[in-house]
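One chain, chain A, appears in both complexes that follow, with chain B as partner in the first and chain C in the second.
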Partner chain A sequence: MSARIAVPVFPGTNSEDETVRLLRDCGGDAELVHWSEPDALRQFDAYVLSGGFAYEDRIRAGAVAAHDRMMDLVIAAADAGKLVFGICNGAQILLEAGLVPGTGPARRPTAAFAKNAPSAHFICRHVHLRLALEPGRCAITAALPSGALIPAWAAHAEGRLAATPQRLEEIVSGGHVAFVYAHADGTVDSEAVPNGSALGCAGLVNRDGNVLAIMPHPERDAWNFNHLDLIEGDDVLAPSGGSAVFRSFVQALA
Partner chain B sequence: MVSSGVSGTANVALRDDELARIEERLGRAPSAVELHAFDAQWSEHCSYKSSRHHLKRLPTSGAGVVLGPGEDAGILHLGVHEGERYGVVVAHESHNHPSQVVPFEGAATGVGGIVRDVLCMGAEVIGLADGLRFGSVEGAHQAYVATSAVDGIGAYGNAIGVPNVAGDVYFDAGFDENCLVNVVALGIVNENEIVHSFAPKNADGWQIVLVGKATDPSGFGGASFSSLSLDSEDAELNKGAVQVPDPFLENVLMRASYHVLRLLRQLAIPAGFKDLGAGGIVGCSAEITAHGGYGAQIDLDAVNVAVEGMAPQVIAAGETQERLLWVVPPEIAPEVLRIYNDVFTLPDVAYNARAGVIGQVTAERRYVMRHRGEVVMDVESEFLTGSIRDELPYTEVIRHEGAVDELPAVDVEAIFPQVLAHRDVCSREPLYRRYDAVVRGATVLPRGRADAGVLAPIPGSRLGVALAVAGNPRYGRIDPRYAAEHAVLEAMRRVVAVGARPIGLTDCLNFGNPRKPDQYGAFVAAVDGLAHAATQLDLAFVSGNVSLYNESGDGLAVPASAIVAAIGAFDNVGDAVTPGLKEPGSTLLWIGSRELVVGGSVLADVLGIEGPLPGLSYGAERAAVAIVHEAIARGVLRSCRAVRDGGMLTALARLSFDAMLRGRTVGAEIDFGNPLCEGGGFLCEVSDAGAIDLTGVLRVGETNDRRELIVNGVRFDVRRLYDVWSQPLEELYP
Partner chain C sequence: MKRAVAISLKIPDNTAYTALVALRRLGVAVARVERSDVYFFEDGADRTALAARVAADEAIFNPNKHRLAVLDRGAPRRGEVWIEPLIASKGAPAAVAWRLLDEAGAPVERSVLAAAVERLLCNPAIDRAVTEGTR
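Up next, the complex of A and B:
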C-alpha cells in the first residue's frame, strides 16, 4: 500500500486542486482534507500544505491557521517524523507554527516571512530556486541532483525571510536554508530575489529534515504546457520543470 | 393588501412618468419596498432600457454559440475531450462608478460579481481579465484611483485563486472624472451540465435558497447610482451605495458551490442558480422565477441579516456582495444548506453568513414579499422584470472615412524611444505583477507575456483557451464607430497572434449620458460598428454589459469606449505561439490589412498632430488571419505579435525584449516606410517564407544574432530600449 498524502484545506486556501493533481501526476496518492473534518488527517502518512490565504491572512499570513485544529495534527505528525511540505501560504503556516526553521524553543517561530521589500506589494514573478543543501539533508529533496535548479512562480506579499542577526546565523549554521533564489542560469545575486528575503532564502528545512517550507510555487510551472519553450519530451500534458521537487517528495515516501 | 403611503420619493432615480406608470398598473401608490424594487429593476443598469433595442443589432448566434446573451453569462463551444463537449463560460461587466468613488472596493466587488456570474452557470471559474481606463495620473485623485483599483482587483482575484491572464490599460485625461473598470471572467463547463439563471421546468413549489454574506445596508441604491452621472458634491453620499468586498468569503462560497454543483450532477437534479447583483434579493429572486415563467413568495424575515432593524426595502434591494440564489426541489434543500453551513461552515467564515430558505416558487406569476407578517410587495412578476423601454433621440455620428493623409517624415532615432515610453505603450508589468497570473497551475501564457493570455483549463486535456481585451480610446475620441470596429479587430488579432482560433466575443459599452443626443449617438454608432465587424468576421457576442452616464461634472462624456474581449480556442494548447524572437536568420513578415496612416496613433500623440483614421478591409483581415494560421499549421511560425499601439516597430521591440529576457541573442534588421504607423495586422517571424502563400504579405526584414534592432539603417540597442519601455510605470506602481 502506497503512502497516503493529505492536502489540508483551510478556509481561504486556494491552490489545493493543482497541488493534489501534481502529486498524483508524480505518482503520489493524494487527497484533500477539509477543515470541517480535521481528525481525518490522522490517517495520512505525509502532508502538503498548499498556497492561498488561510483565514484571510488575519493578523499576518499563517498566524491564525498555525493554531488551527488541523495544524495540531500536522505538528504531531511532523514530531513523529512524517514528511510535511508547505508551499507559499503553507510555508508561512509552518513558520508561524514554529516547525521551521526550528532553531529555537519548540513551537516558537524564530523568524518571519515578513512583507516584501523594498515594495511591500504582492508580487507575481517567475523565479528559479537553487537547492542550497546536500540533497539528502532534507528527505523531501533527497532525490534531487545536487544544486538542482527548480522553476517556480513567486506569488505573495509576505515572503521576505526576516530574523535577528543571531537567528539568521543559527539558520545558516544549522543548515536550514534549503533553497535560495537564482537566475535561470543558476547564478545567485540580489536581483534574483523578488522580495528582499534575507540570505536570498526561498525555502527553509527543519533540523530533522522532514519539514520543508518554500515560498514560491513550483506546482505552477510543473507541466510542459506551463513552459512550452522548455518542453521535455513530446507530451504537452507531462509533468516537468517544477514537478521535480514533487517527484522527489513522492519518492521519499516509497 | 399592500399598504401604500410612501412619503416622498427621495433617493430614487425613477422618473415621474415611470412612477405614474407603476401607480396606474398597481392601482395604488407603491409601497416603499415596491418603489425601491422598481427603482432598481427599471434602472438603466438592470433594464438596459435605453440600450437593449440597439443591442439587438449585435450578432449573437452561430455555430460555436452554446448560450447567447440573456443569462448571467454566455457560453462558447471549446472542444471535445474524452467524448464530452466543453464550453467556455464568459461574462463581462463594468464597475466604473463605484471604482471612481471608492476604487479599491469598487474594483474588487466588480471582480467578485463577474466571478459569481460565471460560477452560477455551473462552471468552474478559470480566469480573469480587466480593461482599465484611468485619468491622467498627474492628478492626486486620478493616481489614487489608478493604484487602488488595481490593488482591489488584485486583492480579490488573488484571494479567490483565479488567475488574471489578460487586460489592457490606458491613461487619458478623458477619464479623469470617470475611470473605467471593466472585468471579464472565464469558466469551463461540461455542456451537458450547464445550470441556468432561471427556475427550470416543473419548479412550482420549489424552494428559493439565499446563500452567502449576511445582508447589510451596504450597496443600497447601487443600481440607480450606476445609472446617474457622478456629481462630485455627492461623493460622500455615493460612497454609501458602494458594496463592501469579502474575497475570503467568496473563496469559500465558490468551493462550497462547486460541491453543491457536483452533488446535483450526481443526482441529476436540475436547479436554477443566479448571482445577486444589482437589485439585490428582489432583483435576483424576481428574475430567476419570472424568466422561468413563475412567480415567487419571499419572506424577508428569513433573510440572514447583519444588523437588526433594517427597513424592508433595504433588505430587499440592498446590494450586499457575495450572495447567490438557488432554486432547488424541496427534498434537496436540506442537503444544500448542510453543505454550505456545516461542511463549508459559512457561519464561521463571515458574520451570520449562511444558506437559508427564503421563499418558494409559485405558479401564479406574481411577486409577493412579506415582512413581519405583512405583505410589503405584490406585483405582476413580468411587469417588474419585463421590458421597460426608453427610446431616446440621438444624433447620427458621421463616419470619418479613411482619406489617407501624407505620412510625416519621422526621425525614428529620436521618436521611437518616446513612443516606447508613451503611457499607452510602456510596460504594464509594474501594474499586473500585483495580480496572480498563475494560480490553478493551468496558465500557459500569463498576463503580459504575449498579446493574449492562454490557459489549459481541463486537467488531462490538450484543449486550450485564449483571452484578450481591446478598445483604444485614442480612436474612440476620433470616431466611436471606427473605434468599436477596431476593438473587435484588435481583440481578435490578439488571440490569433498566440495561435488560437477566435470563437466568440463579449463587449462592454462605456459611454456618456443617453439623454444627450450627441453622447447617445456615439453609443449607437459604436453598436453599429461592433455589429458590422463581428458580422464580417463571423463572430458572435455571447455576453456583454452597458455602462452609461460616464459623464463628467462639466458635461463631457468619456472617450467612446467599446471594450471588446475575444475568446480563442486551441485543439492542442501545445500549438500556442510562445513569446519572443526565436532564431537568427528568420524572415520577418508584416501581414496587414490597412493603409499606413498616422491618425489616432501613439506617433500622432507624440508629434502632436491629427489625422483621419484609416479605412478597413475585412477581406484582407480574414486573409491575414488565414495566413497566420497557415504558417502555424506548416510549422514555420516562430513568433508573432499583433501590430497595435506604437506600430510595427513596437511589436518588433516587444519580440526582441522577450527573446532577451529568455536569454536568446536575437535581434532584427528591417526596412519599412514608417514603422511607427499603426497599420494593424501581424508581425511574424517565420523560418521559411516560401512555405506559405505570400499574397498580401510584405517581407520587412530578417532576424540577426545580435541584441540590436536596425531600423531603416538606424541602430537601437535592445537592452537600452527595454530600459526605456519598462520604467515609466514603476513610480506609480512601485
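Up next, the complex of A and C:
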C-alpha cells in the first residue's frame, strides 16, 4: 500500500488542485483535506501545504493558519518524523508554526517570510532555485542531485527571509538553508534574489530534515504547458523542471 | 509636533474577529479585540487641521469604512499593544494597535496581553511589541 499524502486546505488556500495533480503525476497517492475535517489528517503519511492566502493572511501571512486545528496534527506528525512540505503560503505557515527552521519552541516563530524588499510589492517572476544542502540532509530532496537547479515561479509579497542576526546565524550554522535563488545558469548572486531575502534564501529545512518550506512554486513549472515559449509539437503534458522536487518527495515515501 | 493618528474600521473588522477567535482557541481570556492602524505625523500641532488632512488622504482613509482619531498619546493604552515592523515600509502604518478587552469591557490584565502578544500578535523576527510603559 502506497503512502498517502494529504494536501490540507485552509480557508483561502488556492493552489491545492495543481499540487494534488502534480503529486499524482509523480506517483503519489494525494488528496485534499479541508479545514472542516481536521481529524482526517491522522490517516496520512505525509503533508503538502500549498500556496494561497490562508485566512486571508489576517494578522500576518500564515499566522492564523499556524494555530488552526489542522496544524496541531501536522505539527504532531512532523514531530513523529513524517514528511511535511510547504510551498509559498504553506511555507509561511510552517515558519509561523515554528516547524522551520525549528530552532525555537513549537509555535514560537524564530524567522519569517516577511514583506519583500526593497519594494514591498507583490512579485510574480520566473526564478531558479539551487539546492544548497547535500541532498541527504533533507529527506524531501534526497533524490535530487547535489546542487540541483529547479525552475519555479515566485509569486508573493512576503517572501523575504527575515530574522534577528542571532537567529540567522543559527540558520546558517544549523544548515537550515535548503534552497537559494540562482540564475538560470546556476550562478548565485544578489541579482538573482527577487525579494531581498536574507542569505538569498528561497527555502528552509528543519533540523531533522523532514520539514521543508520553500517560497517559489515549482508546481507552476511542472508541465510543458506552463511554458510561454512552448513550441508547436511539444508534448504539453510532459513534465518540466519543477516537477523534480515533487518526484523526490514522492520517492522519499516509497 | 509629532502626533499619532489611529485609523480603524467602522464596518465589521474581520481581522480583529479572527484574532479574537484564534486567541480564545489558544486559551487567552479575551472577550473583544479592537484593531487600528497607527500613523505618525510630524506636523500635528493643529489637531483639527491634521484630522482634516488625513481624512482627505484617499490612500489611507475611506470615510465610508474608516473612522479616525487623533491621539493625545504617542504610546499604547492599558490593555493595548502596538505591533511595529522592525523594517518600516513606505506608506504603511507605523504600527498596528491591538486592544484587548475582557467580559466587562475593561482592558485585559498585563499578563493576558503578554500571552496574546507572545502566542499570536507578534512575530519577533519581524516585529516589536510596544505596550504601556515600555516605550
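The rule is short, and it goes like this: the second predicted complex is superposed on the first by the 245 of 254 C-alpha atoms of A that agree within 3 Å, B and C clash if a C-alpha of one lies under 4 Å from a C-alpha of the other, contacts with A are read in each partner's own complex, and residues count from 1 in each chain.
The criterion applied here is as follows: contacts are C-beta pairs under 8 Å (C-beta built on N, C-alpha and C of every residue); 3 or more make two chains touch, one makes a residue touch a chain.
In this text the structure is predicted, and so the values were computed from the model without any measurement.
Overlay done on chain A, so just call it for chain B and chain C: clash or fit.
In the arrangement built by aligning on chain A, the partners chain C and chain B fit side by side.
Between chain B (first) and chain C (second), which, if any, makes contact with A:E18: first, second, both or neither?
first
For A:E56 in the superposed arrangement: first (chain B), second (chain C), both or neither?
In the superposed model, A:E56 contacts both chain B and chain C.
Does chain A have more residues touched by chain B or by chain C?
In the superposed model, B touches more residues of chain A.
Per the contact definition in the header, classify A:E191: touching chain B only (first), chain C only (second), both, or neither.
A:E191 sits against neither chain B nor chain C.
After the superposition on chain A, what is the angle at the C-alpha centre of chain A formed with the C-alpha centres of chain B and chain C, rounded to the nearest 10 degrees?
It works out to roughly 70 degrees.
Between chain B (first) and chain C (second), which does A:E219 come into contact with in this model arrangement: first, second, both, or neither?
Touch status of A:E219: first partner only.
Using the superposition on chain A described above, determine whether A:K115 touches chain B (first), chain C (second), both, or neither.
second
Per the contact definition in the header, classify A:E96: touching chain B only (first), chain C only (second), both, or neither.
A:E96 sits against chain C, while chain B stays out of touch.
So after superposition, what is the minimum Cα distance from chain B to chain C, given in Å?
For chain B and chain C in the superposition, the minimum C-alpha gap reads 6 Å.
Once the two structures are fitted together, what part of chain A is touched by chain B and by chain C alike?
Correct list for chain A: 55-56.
Chain C touches which residues of chain A in the complex?
Within the complex, chain A contacts chain C at residues 55-56, 58-60, 63-64, 67, 96, 107-112, 114-115, 117, 120, 162-164, 167.
If we count contacts the way the header does, which residues on chain A are in touch with chain B in the complex?
9, 11-12, 14-15, 17-18, 21-22, 34-36, 51-53, 55-56, 118-119, 121-125, 153, 155, 184-185, 217, 219-226, 228-229, 231, 236-237
Can you check the complex and tell me which residues of chain B touch chain A?
Per the stated touch rule, the residues are 151, 154-155, 158-161, 248, 251-252, 255, 342-345, 348-349, 432-444, 446, 456, 459-462, 464, 572-574, 576, 578, 662-663, 733-734.
Taking the touch rule as given, give the residues of chain C at its contact with chain A in the complex, in rising order.
Residues 14-15, 18-19, 22, 25-26, 85-87, 89-90, 92, 118-121, 123-126 of chain C touch chain A in their complex.
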